[in-house]
Each structure stands twice: as structure tokens, then as C-alpha cells.
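Dropping the structures in below, format is C-alpha cells.
Next, two complexes with subunit A in common: one pairs it with subunit B, the other with subunit C.
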Partner chain A sequence: MASATLETRENRRAWGFVTPALLWTVAFFVIPFIVMAAISLATRKGRELVMAWNLDNYIAFFEKAHLLKGLFVSLEITFTVTLISVVLAYPLAWIIAERIPQKWQRMALIMAILPFWTSYVVRSYSWLLVLAKNGVINNTLMHIGLIAEPLELASTRSATVIGFVHFFVMLLTLTIYANLVQMPPNYRRAAADLGANGFQVFWHVVLPLTLPGIMVGAFLTFVLCIGDYITPQILGGNNELALPQIIMLQLGRRADFPMAATLSIILMVVVTLAYIACARWLKMERT
Partner chain B sequence: MISSRFSKVLSWAYLIALYGFIFLPVVVLVLFSFQDGRLPVPPFNGATLKWYGEVFADSRLMSALGNSLMVAIGSSTIACVLGFCAAYGLARFMLPASRLQRGLLVAPMTVSYLIIALGLLSTFNWLGVSLSLWTVAIGHVVINLPLCFAIIYASMGDHQKNIERAARDLGAAEWQVMTQISAPMLMPSILAAFFLSVTFSWDEFIISFLLSRFDVTLPVEIWSMLRSGLNPKTNAVGSIVFLVSVALLLILELSIFRRTAKK
Partner chain C sequence: MFRHVSTGKTRNKLLGGAATMLLGALAIVPSAQATEELNALVWCDHTDPALIEPFEKEYDVKVNLKEYEGTGAGLSIIEQSRPGDWDVMVIDGVDVHRAVEMGILAEIPADALPTADLFPEVVMADNNVVDGKTYAVTEKFGYNTISFDKTKVDPKDMEDISVIWSDKYAGRIAVYDYYLPVIGLVGLGLGIDTADLGADDMPAIKEKLFAMKKASKQVGEVVSSQTALATGEVDILVGGGEWITAVLSEDKPNLDWVIPKQGGLRWAQSIAVMKDSEKPDLALKFVQYILSPEGQSRLATSSCYWGMPANAKAGANLSDAQKAALRWDDQAEYLKNSQLYPIPDADLDAQMQDAWVEMLQQ
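== the complex of A and B ==
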């Protein structure tokens, strides 16, 4: 009996510690999400919201080509960025883990992430300085006489991809590096002793063992890339709109809140699907 | 022999090329913040500190900077306190559905900032709450609380548990154990969580953009500067932000991470 009352008192105290954080999360994360989901079922009459409780907005998304195209543009950009970033980051992580003396490895990683401590908005702007019509690349190429007319680099999808890749190469280098240094060197030695050549060791031993690092990084890349408004807006311009740009457009000029909410829910469904697809590898990291 | 030397050269070439790619925009940004001219693009006309002077003379930028600091420090403090208490409660007591609670607390980490911002905006509109720096700070606590909770929760080991039990046996009240025993022992991870939150909040754009009205934070003010196109003054602001963040990173690296790494 005595221990039971002690336990309830202990429990009550424990709830006192946890409740504030739980309440905050429910009040400012769960409830807003429910409100937004409800608004996606409403329609707009002039500037008024009318709760219609139907799926018209979702049907409209699949019927209106410019909305659906936004999703495809976003997906194409995101897959391109993820692929290029993995291909560029893997050798970099490998070189840092294998070729750089141990005591300098930490320094090398800090150097690799240093440029990302400027503001995210400023970083995209910096790429504009490099890619603009009168920017660094065009200026250099014209100076050495490779081109006569400036290339159209900014306000293209390539500019968006370059800006994203710049950010995610850093991220993937970190996750892949973490995996590479965890791998016991004996595995590779054993494979080599059993007669595998360099490529076979890499393909059958190293790559499968670093797959979790690649997948974690790739998943983060996917989630952050598909939900980002800044980079496509600054570097990609208005020629073709990514999904977050379309969402912001609904909020601004069109003041169509229900459609913005609908598109956000669709964005979230896509991210959840990506999570389900990667879950197998993500769990291994969590331990 | 030859192939190993060749692969060595190749690796160094690759390393230099990628670091070049990583540093290119930052170097261009900082270099042309000193541009003696009206366009931050080549050719470089010579060095001047004029643009930095203009930044510090710009009252809107300076007040945005103050707002950013206020929001960052305020929201990170709240996130750290809430996160620490929750971590303490969940790590030290047996609570029902603790897995679910932990899941709920870290859930906002998996959702795009844009969606969190939109949800809050819909709710504030619906309730008739007017937008201000307060609403921005609420949003920043939502994104930083999972981070603070996860970092502090991860560092609460059994080793500290025994010391806490000893303090309790010696007659310390629960709040005394928490503030005088647990908090000092966990200070490295609490500080790490705090500084990470500060940098995230300091740099956050979309929540600040959607949830503020008249008073804005620095990234939002920089965003509105971008409308005037390429401008050395924007380079100067960007360079200052870069410098502040690198200073924060260095403090973090030298004081906290190094100390925990030694332990």
C-alpha cells in the first residue's frame, strides 16, 4: 500500500516535468496541423473561408496542370540533387576518411561545413553573384575568351540544382564519413585476402556497409530539398515553379488559404512516402 | 606503385576541386563586400569599408538584428527549459506510454518548416491572434524543442542517475536534485542544445517570414533587400552574419564539444 501511494506521488511529479513540453507540442504543432487539414477541406468565397468539408481542392490539384506540374518539378529537382550530391560526396568522405591523417580529419570536416554557417538566404544570394549574367563565371569565361555572350545561368533549374547540391554535398559527406570510419578495417583486409580486387572489395563490402549513411543523408536531402522555398525562389526564378513556390503564391497574391493548405498536406504525404521507402535503413541508424 | 601515386594525385585534385566548389560562393560574397563600386561582381575595383558603414547606419537592419537576437535567445531558452524538464521526467521516471510521448515530442523535426509555419498561420488567423515577434518565437520553440529534448535526453545516462539518487537519499528535494545536481552535470549538452537552437533560430526564414508583420528578423530583412538585386551592401550584411555564426561555431567547438570529447 505504502509503496503504491509513493509511486502515484512519484508519477504525479513526473507528469509535472513532462506536461509543459507536451502541452506546447500539442497546442502549437498538433492542433495547428489539424486546423490546416480542416482548412484544406474548405473553399474560398471572395476573401471569406467557407467550410465546405469536401475534397474539391484535392481534386483541383490533380486536374489543374500548373499545380500538378509543381509537384513533378519539385520531385525532378529533388531526385537530381540527391543523386548528384551522393555521387560527389561519397569520394570526398572517402578521401577525408582514408587519405587525410587522423588528427586533421576533424579539421577537414569543420572546414567543409564552415561556409554553411552563413545565413541560408545569404548563401543562395552568393550563388547569384557567381551565376548572374555579369557574375563571376560569365565574367571569367568572357575574359579568357571562351564565350562571347554571357550564358544564361541564373534563373534556371540548373542554378537551383547547383545551389541545393552545394548544401547537400556537405550534409552527405558528414553522414557517409561517419559510416566509413565506423567500419572495421579488417573487413576489407579479409576480402582482399580472399582474392577480391579493389573494385570488388568496394562493391561487395564497403558500399553495402556504408549504405545506411548514404540513405540517411539521402533521406534528409529529400525532405529538406522538397520543402525548401528559398533556393528555388532566389536561384530558379519564376520560369518554372517548385511546389513550395506555388504554396507561397497561393498565400500571397491569390490569398487562397485552402489551396495552400491542400498543397502542404500533399507535400507532407510525399515526404511520408519517402520515409516509408527509406525506413528500413533509417532504423539501423537510430539503434 | 605508379597507380598508387596516380590515385593519390587524383584524390588531392578531387579534394581541392570540391573544397573550391564549397568555398567559392562564400569567398565571392566576402570579397565583393569590400567592392569599391556599386555592383558586387568582377572586376574588383579596390577595397573600401563603405558598405559596412552603410549596414551599421541602416536603422531597419540594426533593429532586425536586435529582433533576431531577442527571438533566438528567448525561444532557445524556452525550448531548452521545456526540453530539459521533459527529458528529466521521461528519463528518470516510469511513465505510461513513454514511447508515444517521446515520439510526439520529436515529431516536429520530421515536418517541413513551411508546413509548421502554415499550420500556425492558419491557427493564429482563425483565433484572431495578430502576428508579431511573439508568434515568430512560438514557431521557433516548436522547431527547437525536439532538438533540445533529443540532445539532452540522449545524454542522461545511468551514471548521473546514481549521483541523483545519492542526493535524494541525503535529503534533497526533487527540485534541488534537478537544479543543483542534474542540470550542472548535464551542462555541456544543455549548452550545446542552446547554441544549436540559437543558430537555427537566427538563420530561420520561412517561419519568421510568414508569422511576422511589422517587426521582422534579420533573414526576412535580408530577403527584402534582395528585391533590389545585386548590391554590395547585401554582401556586407551576409559577411557579418557569416562572421557571427563562425564565431558561435568556434565557441561551441572549443568550449563544449572539446570538453565532452575528452570525457
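== the complex of A and C ==
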């Protein structure tokens, strides 16, 4: 009886702690999401919003090639950025965790995340100047005689990818570094004692144990990259549109909230699928 | 177990800190605060302090400016605002009817405006007056045509619109990211007047739009288009005009613009008082200031972009160099060889915007 009362009291206390966060989530996520989902079933007639409760906007998304292409552009950019960021961030995190003396590691991490301190927009515009026809890169390459004509770097997908990678390498470095420093050194010693060479230790011990860090960082990169509007808008030169840019066009130019809501829901579905894949993989890793 | 941190000492520290912050905050508030505020939804040329500050000082008012590009964006902002949030709006001349139909503009007493002083061609009563009532007044105009770097391209080539979809300058062209003027220009290139542009013309227009995109390096808004041309990133800007090059006339004399033989698009921006404004008198005073010769000369040479003032009397306040950059003396010919923006209905507008996004995705 006494334990039941204690359990009830504990439950109430737990609910007391959880309720504010729950209310926050309901007010600022669940309700707006339901409203957005409802609006996605409406249609825009002239400047009027008509609650048609049909799937016309979703059908239009799959029928209109330029809208569907927005999703593919977003996915291509996101996968490219995630892959390059992982490839660059892993050695950087490993060097900081393994090769830099412990007393300098904090400083090295600060140096690695220093670009985070700059405004995201300013950083994107800075890249535009660096990549421009008469920017730092082209001027340097021409000065040292490697190229005769300036390369077309700005206003391209490559520029968008570079801008993204610059940002996400920092993020991935942090998640991978956190994983590396938590790994007991005995594992590597044991593997070495059993005759594994340096590469084998990395491949069979270090890499598998740091995969959760890579996956978490990669998922965050995926989510932030696929939903980003600023970088492709500034660095891509509008030469192709990612899905968030198309969403902004629906809002800014056409005030077509139903289509904007539809595209946002589709984007959320993609992110959710990525999350399910990531969560499932992490669960499988643990079992 | 909880520990009280709000001891007397801590409380004193907190109060002291709060007092310091309050004093600091008071120190940064300007000593002479404006007694009233006016909220204006404007194009970027109105954000130049040289234009706004004289009005603020004269009427002891703070003008809050929200910048937008394209009528769709402006109407979208209004739809997301509460009635009364905006007092004044700058709007594309060809879209005044649309705004009147939405019931967002107030009637302006015709005798409160210097209509007789405006260039007759830009009074545009068909656009600014609905059912005999004046809802807006033209404040500035100019042309969407072709801007170019005359040291890098052959100026003769620029006299034919078809150059924008030819291969001759492929990769050296930027396109101004506003579908209406550029589609209008493409239409002119195909021999279609902007007033006659219809859904049947869209397949041919799309074909040329796609060809133009293939030949272009970028599609961007005002600042990035201007920057691209000024920095040599591109040599031609489709949709440009004096509003892009005149502001750079001193630093970049190599930049020029032309109205091709097929004609160019004439843009005209109007200014209006919002129907739900709680300060209609102050809003009207702002409109009158903008239309005055002083306001007009400042607006014409605004730091964001230059353009011809609608009020001919503004010429007295402009220098010869400024007039030359605006091509003041050539206006009669330019006005004759230019057409207003297309005015699509909702369906055609949707088709045009779809075509524009399709072009961007090419």
C-alpha cells in the first residue's frame, strides 16, 4: 500500500517535470503541424484560400517536374555534403583526439569551431567573395600560373556544397571527437596485443566504435542541410532550386500557403525517414 | 534541500546590476524621441536615410520601413499582418488595381497631389485611378531592358533582344530574378506586346526562357545582379536598366544600358496610403513629401537604385551629371519605345510563375 502511494507520488512528480516540455511541444510543434497539414489539403484560388480537403497539392508535386526536381536537388546536395563532411571531419577529430596533447585539445577544438562564431549569412557571402571570378581562389591560381582563365566557382552547386561543408565539418568534428575520447585506450592495446597492425586496429576496433558518433553527426548534417534555404540561395546563384527555396517562392511570391505547407510536409517526411533509418541502425548496433 | 541564494548581498548585487543596465539602456535611447511612428512597406530605394530623415525631422516622426521585392511578396506580407499595421505602401504601378480589389488602399484626395507636375506619360490614371477615385500616385519610373559592360561586349549586339537567348555571350549573362519584366521582355523579343500576352503565348515564351537560362550564369535579385555586373562576374544583365547602372555611373562608367529595337519594359512604382492606417493624415503627408521636388530628387538618386522621378520639377534639384546618368533628355524617345509590365490574371500569373521556376530548374 505504502509502495503504491510512493509510486503514485513519484508518477505525479515525473508528470510535473514532463508537463512543461509536453505543453511546449504541443503548443509549438503538434498544433502548428496539424494546422500546416490541414492547410496542405486546401487550395489557392486567385488570392483566396479554399479548404478543399483534397490531395491536389500532393498530386501537383509529383506531376510538376520542376517541383519534384527540387526534392532531388536537395537530396543530391545533402548526400554529397554529408559524405564529404564525414570524410573531412573524421581525420580532423582523430588528429585532435589522438595527436594533439591533452592540454592543447580544448584550444584545438575552439579553433575548429571558430567559424561557428560568425553569422551564417555573413559566412555564406564571404564564400561568394572567395569563390568569385576575381576572388581569392581564382586570383591565387592565376597568379601562380595554374590556370589561365578564372574558374566558374561561384553561383554553382559546388559553391553551395563548399559553403555547407565548411559549416558541417565543424559539427561532425565535435560528435566524432566526443566518441573518440570516450573510447577506452585498452581496446586498441588489446587488439594490438593480439597482433593487429595499425590499420587493422582502426578498421576493426576504432571505426566500428565511433560509428554512432558519425551517424549522429551525419543525421544532424542531413537534417540541417536539407532544410537550409540561405546557403543555396546565396551561393547557388539560383541556377537550380532546392526544396526550401521552392517553399520560399510559394510563400514570398505567390502567397500559396497550401503548396508551401505541402512541400514542407514532404520535407518533414524525408527527414523522418532519415531519422527512422538512423535510429534503427543505432538500435541494431546496440543489440 | 534548497539553498537560498537571494541573500541581502546578492539582492543588492542584482539590484545594482539592474540599475546599471537600466541606466545603460537609457543612455542609448536618443534624447529626442520621435512622437509618432509611421509604418511603410516599401521598395529598397525608400530605405536611404538621405530620403527619409528630412521627413522624420520635419514631422517629428519615426518612419519604420519594411522592404520587399515584387507585388506578390508585398501582398503576402500584408496578408500576414494585422489591419492597421501598415500606413503607406509602395507598389508596382500595374498592380494598383489588384490592391484596390483586395480593399487595402485608401482613396487619396486628388487635389492633394501634384498631378499637373508629373510627366504626363507616367500619371497612369488607368492604373492609379479606379472608378474615378485616386488610390495611388506614380512616384518613380524607369526601364527593364539590357544593362551591359560596354568594354566587354559589342554595344550594337545589345540593340537586339534575341542576344539574351543566343550563344554569343553564353555564361556571361545574369538575369534579374523577377518573372514579370523578364517574361515581358522575352515577349517583346517574340513580337508580343505586354498588353496582349496570354496563355497561348506561354509555350513560345518558355522555350526562349529556357534558352536564356542555358546562356546565363546566374539569376539573382537586385543586389546580387548589380554586384555581378559591377564586379565583372557577368557582362550583361537581362532586366537591368538605369536603375542598375546609374547609381554606379561615377565609379563604373563602363556600364551602360539600352532599349533594344524591339522595345523595353517600363516600370513605374506608385505610392499609396493604406485603407486601415490609423494615421491617414501623416501617411498622406509622407506621400506628399515623396512627390515634392525635394523628395523626388532624393528618391531618384537613392543609394539602392536610381530611377526617373515622376515629378518633372525634380529636375531643378538634380545635377547635370545626375540627369545625364538618368538620361533625362532622352525620356521622350524612351517613353515612346517602352511598354508597361504585363498584367496577368490569377491563372496566367500562376502559369508565368510556374514557367519561371521551371526555367530556374533547367
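By definition in this document, the second predicted complex is superposed on the first by the 250 of 287 C-alpha atoms of A that agree within 3 Å, B and C clash if a C-alpha of one lies under 4 Å from a C-alpha of the other, contacts with A are read in each partner's own complex, and residues count from 1 in each chain.
Everything that follows uses one rule, which is that a contact is a pair of C-beta atoms (placed from the backbone, for glycine too) under 8 Å apart; a residue touches a chain by one contact, two chains touch by 3 or more.
All values derive from a computational prediction rather than experimental measurement.
> Quick check on the superposed pair: does A:Y120 touch subunit B, subunit C, both, or neither? Answer first, second, both or neither.
Once the two structures are laid over each other on A, A:Y120 reaches subunit B alone.
> Quick one: name whichever of subunit B and subunit C touches more residues of subunit A.
B
> Name the contact category of A:F199: first (subunit B only), second (subunit C only), both, or neither.
Neither partner.
> Quick one: is A:A261 in contact with subunit B, with subunit C, with both, or with neither? Answer first, second, both or neither.
Only subunit B is touched by A:A261; subunit C is not.
> A:N134 contacts which: subunit B (first), subunit C (second), both, neither?
Touch partners of A:N134: subunit B and subunit C.
> May I ask you to decide whether A:V271 touches subunit B, subunit C, both, or neither, giving the answer as first, second, both or neither?
Once the two structures are laid over each other on A, A:V271 reaches subunit B alone.
> In the overlay, answer first, second, both or neither for which of subunit B and subunit C A:I246 touches.
second
> Counting contacts the way the document defines them, which residues of subunit A are shared by the two interfaces, the one with subunit B and the one with subunit C?
Residues 132, 134, 251 of subunit A touch both subunit B and subunit C.
> Please give the residue numbers of subunit B that touch subunit A in the complex, ascending.
Checking each residue of subunit B against subunit A gives 8, 11-12, 14-15, 18-19, 21-26, 28-29, 32, 39-43, 82-83, 85-86, 88-90, 92-95, 101, 104-105, 107-108, 110-116, 118-123, 125-126, 138-139, 141-142, 145, 149, 174, 199, 202-203, 205-206, 210, 218-219, 222-223, 226, 230, 234-235, 237-238, 241-242, 245-246, 248-249, 253.
> Spell out the residues on subunit C that touch subunit A in their complex, using ranges where they run on.
Residue list for subunit C touching subunit A: 70, 72-73, 75-76, 79, 102, 171, 177, 217-220, 224, 231-233, 346, 350, 353-354, 357-358, 360-361.
> Can you name the residues of subunit A that touch subunit C in the complex?
45-47, 64-67, 69-70, 73, 132-134, 152, 154-155, 237-241, 246, 249, 251-255
> Using the touch definition up top, name the residues of subunit A that touch subunit B in the complex.
Listed in rising order, the residues are 10-11, 13-18, 20-22, 24-26, 28-33, 35-36, 39, 88, 91-92, 95-96, 99, 110-112, 114-115, 117-123, 125-130, 132, 134-136, 139-140, 143, 166, 169-170, 223, 226-227, 229-230, 234, 244, 247, 251, 257, 260-261, 264, 267-268, 271, 275.
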